[in-house]
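Read from first to last, the chains carry the letters A, B, C and D; within each, the first residue is number 1.
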Amino acid sequence: MIRAAVIGGSGYTGGELLRILATHPQVEVTTVTSREYAGKPISLIHPNLRGFYTINFTNFSMDKIGEKADVVFLGLPHGVSLNYVPKLLEMGLQVVDLSADFRLKNPEIYKYWYGIDHPYPDLLDKAVYGLPELHYEQLKGAKLIASPGCNATATILALAPIVKGDFTRDLRFISDVKVSSSEGGAKPSEGSHHPERQNAIRPYEADGHRHAAEAEQELSILSGKDVKVSIIPHAISSVRGALASAHVWLDTERNDMDIWKGIAEFYKGKRFIRIIRGGIHPYPDPKYIIGSNFADIGFANEKRLKRLTIFSAIDNLMKGAAGQAVQSFNISRGFREDEGLRTPPLRPA
Amino acid sequence: MIRAAVIGGSGYTGGELLRILATHPQVEVTTVTSREYAGKPISLIHPNLRGFYTINFTNFSMDKIGEKADVVFLGLPHGVSLNYVPKLLEMGLQVVDLSADFRLKNPEIYKYWYGIDHPYPDLLDKAVYGLPELHYEQLKGAKLIASPGCNATATILALAPIVKGDFTRDLRFISDVKVSSSEGGAKPSEGSHHPERQNAIRPYEADGHRHAAEAEQELSILSGKDVKVSIIPHAISSVRGALASAHVWLDTERNDMDIWKGIAEFYKGKRFIRIIRGGIHPYPDPKYIIGSNFADIGFANEKRLKRLTIFSAIDNLMKGAAGQAVQSFNISRGFREDEGLRTPPLRPA
Amino acid sequence: MIRAAVIGGSGYTGGELLRILATHPQVEVTTVTSREYAGKPISLIHPNLRGFYTINFTNFSMDKIGEKADVVFLGLPHGVSLNYVPKLLEMGLQVVDLSADFRLKNPEIYKYWYGIDHPYPDLLDKAVYGLPELHYEQLKGAKLIASPGCNATATILALAPIVKGDFTRDLRFISDVKVSSSEGGAKPSEGSHHPERQNAIRPYEADGHRHAAEAEQELSILSGKDVKVSIIPHAISSVRGALASAHVWLDTERNDMDIWKGIAEFYKGKRFIRIIRGGIHPYPDPKYIIGSNFADIGFANEKRLKRLTIFSAIDNLMKGAAGQAVQSFNISRGFREDEGLRTPPLRPA
Amino acid sequence: MIRAAVIGGSGYTGGELLRILATHPQVEVTTVTSREYAGKPISLIHPNLRGFYTINFTNFSMDKIGEKADVVFLGLPHGVSLNYVPKLLEMGLQVVDLSADFRLKNPEIYKYWYGIDHPYPDLLDKAVYGLPELHYEQLKGAKLIASPGCNATATILALAPIVKGDFTRDLRFISDVKVSSSEGGAKPSEGSHHPERQNAIRPYEADGHRHAAEAEQELSILSGKDVKVSIIPHAISSVRGALASAHVWLDTERNDMDIWKGIAEFYKGKRFIRIIRGGIHPYPDPKYIIGSNFADIGFANEKRLKRLTIFSAIDNLMKGAAGQAVQSFNISRGFREDEGLRTPPLRPA
């Protein structure tokens, strides 16, 4: 039994980790920290988990964490994780970091997007970018996993087969993303106030979204070319789920089978990728993967203009955050990739 | 391994059964029928289940069902199940009927509410009303389980501790129920058209809802008194979840602890009942049980007027339909009551 | 042209007043105050009003308000309005107060519900309760209008014809109210955070809601009897609209026509009451009055149990707040009752 | 007083026309036709309009329409309007056609997208494309107005200042549109069933959307260049409102003021265009124009990649359909452009 700690356990990602780990047969959660709620029962903040945990939130203690945990899931803000990771690794703990702090290999790019001089640039190389569809082998035995951002996950999964294939020489991509409100986290704000957010169709961070850095890094590594991606997120009414619509100008007209093959071969054997084509639900829709770790990938091919759009649908708290973190953790430990992640998506939801 | 057939498998209840049974360790689904979609893959209609089933929908065949199944889940309309049940029982199959056809003990009451002369009144006594919180012992070994209606489930669970206790001599109750759109089933209609249903707060069947018959039957049996219940459902915007607000006039002013005790003792040890009191989520809210088989029970006590309201929150497709059917099935077979039902609720959803 | 000031103009009620008054032919808004946004343009906070106002928010000044306004609409919290009203009246201004501070005639009841010793009990008698369907004549020339609460409005309009008629001697009523998120105002909170509020079906203030005091006062005055009302509000997903379901136990079985007549005669000639009966939309639904000042009234009659439910649907920001305030103001000034209020409701919305 | 007929009055566009015309001072609606509901009251289908109309739906009669109407608004499906227009014009009636039948100047392009040989190609030249921001002068006195499609309106308004300016030589554009459920019309379907549509983020007609034809025509005429547009619509949860995100690759890096000026000058003096920039609502959001005829236009400029996105927000039933039809009609008659269209948008909604 692996003992796990969830640091920053009162947010949505922390809550989702607790939800998954509650039934994970190889993991026991021993510690859940929260500065704000230390001493309070977990179900006070996560009412869905009433009856699942008897432990309370505690304050984080670097001294004691080593006695209590084998793996630490960090659900902390960017710039905060930074300060925990080196010490935890030194103590011999495995770290799964859900912040952006160890995702980017190049500290200058980290500084460009996050405004912080990275204090541990040497650790960046040791971190494995926790997208199992691209880094399965590296994840085996990984001690530091940098779990990807949600919009980056959706965007990379959409474009990976394209940049890897021979579809286009135009390597600037638009990823127009539609995101649900839980992506913004558990802290209320003017923009998340229900009367303002409900029925909104609202672009945000539209002149440059940070997750582009991850997408450009991963797609460039994968293809060996200099890929540029512009991510334009739009806040909509749903609570869970994100859809990336990645728009591509093809070099030449391609038929659908051709494109389908490119995607299907790229993702052959991937446990959590489902390729969508035809039927009465011909395109991916995050609605049909709620609560699961799947990414559904599909496409639309407007031959008239040689315009191709790849759609990539995820549950932002699962494949976009906690689910993917557990998937990477499972691989790192040699467990079944889908341990704790086998419940089918809800429908309707 | 128990072989299961889901008859009427293209609706929401059928889909939810398939979702649960996909990971139930003691059950293998061998047959899923649908007149409309026979020959088509299950995931055509249930896109969430892509990757979980390889069998297709088939037409129902009474001749062959005996070779393929040990238990039959009937997800058919009222008045249709009637014609399947006797034959299936004769063939030695276990039947879990999710329609109303075998819920009521008195065929005249069945006729009053459903307009049908019951052709098999003798079977009514043999059927066990599949509400495990009231009929746990009878469910053991049951061959015919009549799974309750969703609004009846919510109403009965709210009022059972009250009529069993000494709270009131006024045995006419109002159960004001708020229901999500999936309760109406998978068939489109004018009222379910998104632009009409979204943002609606719409009473329906408000001059007499059929589930009152079940509630009156069960609460009267339980209390030994003549209980009357008026269920007034209201369609609202959510997709899943129902809340019953059962309003009670108390005989005398009671303090909160007293009421809490009455409920807590009544439900002591019940696997899927959670009693809610205090904290920042002081009342039950179906939002926090989505995807699970829980019923959350709580109350508000307006001493000024001796008015007590019991709130009962369920996921209408789980505790209100498929989840409860599997729970009853588990008990009937001597399995763990929560087999296939252990995934925690989603949050946020 | 009447010069109007909106005090507390950055909230939803203030915004709705500005929206209505923008096209009111007899009113010019000269002053809109907001402590937080003084100096900022109105459209910064109310983006819907871009292009409608050129003035900015200002700080409130008791000294200057007399030069700028003939009527003052107070959109301030309870307990704050108290301190503005006497001085404004002294200065000869008309006051339309949208808080609860002058709604209750009995200062002890005010203290019971709001916890404040009323400092100006003599003004309570002078205030006219701004529900035009009950106080049309008194509103003519009124200098101080206490505009009703939204849940009180819906509840009173539902029950007024009942207590005035001969339907029941049981004068304790349940008003089970379903409310949209804009009722909670413009300030974000944990409960209004979109991921928490969306899809909620959540009772609140369920052990005693303040608006009961208004409802009991008005229904008792109207009927000459001691009426008791318990209001149990439930937060649901919509942004606008509230439905009160007022449950009544009849003395004797009554037919529908009888009940219809009782309601129709009571509301005969009332400009903003629509009585709903039959057709494909047989019950009131706030969805179909969004953006308008209507209250739709209808009912369901379960003869089997002599249970009658009166449904009352309003737009909580219109008939439940700003719309009704303008309606009362219009009457007080001898304008057409519907001035500024003639645009039909939106559909679908 | 102009007498108006609304043909096909039971749908959402018909209903919205009736809502607007109910308070239009120069128009009296004398005739509303519906094959399905002839003889039934208008409020049976449009419950929001209870109390606004006393006439019933009738069957359309070409013989009698001339006696009853001066202008005919056609809310009929594509391919059906075709057969009404020539005769109505011959009879001397003015026609405002809300279908696609007279929007395209080139009958071959009409055939490509709609599959119909246009029987009256000569009328195509006489029709004025009813987008007042581009064709104000031509609309004066127009006898046949072809009112634009909603997604075309949003897309054209976004891109018009761009193609008219010197921003890019890359004239292939992506218009990624997010649309609300009312765009699909009033007829229920599998996809519009509430449990399926709510929380969906679902691409549709994604391999070529018909409104591209209108957008290409208008943008090419305007710019004198061969503009290509790919419209990719996504169905989301809202009921009203559409946002087009038109993605542009700039020739050179441009500063924000430059872009702002390009847009502001293009739309100078346009009554229903609001240009959005900065503040706490820095981008257009259809949420804040619900119920109004505005189009809000704004942009995001990612200098790093020379990527510009123009956002264009409309209420799909107003500026996207009925509102724009009335705006064009007003201009054609020499009325104030905003007659019947002056009520501010709702907020929150």
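Odds and ends about this structure:
Here, a contact is a pair of C-beta atoms (placed from the backbone, for glycine too) under 8 Å apart; a residue touches a chain by one contact, two chains touch by 3 or more.
None of the values given here were measured: they were computed from a predicted structure.
In summary, the chains found to touch both subunit B and subunit C are A, D.
The interface holding more C-beta pairs in contact, when B-D is weighed against A-D, is A-D.
Each chain gets a centre from the mean of its Cα atoms; for subunit C and subunit D, those two points are 36 Å apart. If each chain is reduced to the centroid of its CA atoms, subunit B and subunit D end up 46 Å from each other. For the pair subunit A and subunit D, the distance between C-alpha centroids works out to 38 Å.
Residue positions of subunit C touching 2 or more other chains, listed in rising order: 12, 181-182, 190, 195, 198-199, 237, 239-240, 280, 285, 290, 348-349. Taken together, the subunit C residues at the contact with subunit B in this complex read 172, 174, 176, 178, 190, 195-196, 198-204, 206-208, 228, 230, 232, 234, 236-243, 245, 247, 249, 280, 283, 285-287, 290, 300-305, 307, 309, 311, 313, 348-349.
Contact residues of subunit B toward subunit A in the complex are 12, 15, 19, 22-23, 44-52, 181-182, 239-240, 274, 276, 279-281, 285, 288-292, 294, 296, 342-349. Of all residues in subunit D, only 12, 181-182, 184, 186-190, 192-195, 197-199, 237, 239 touch subunit B in the complex they form.
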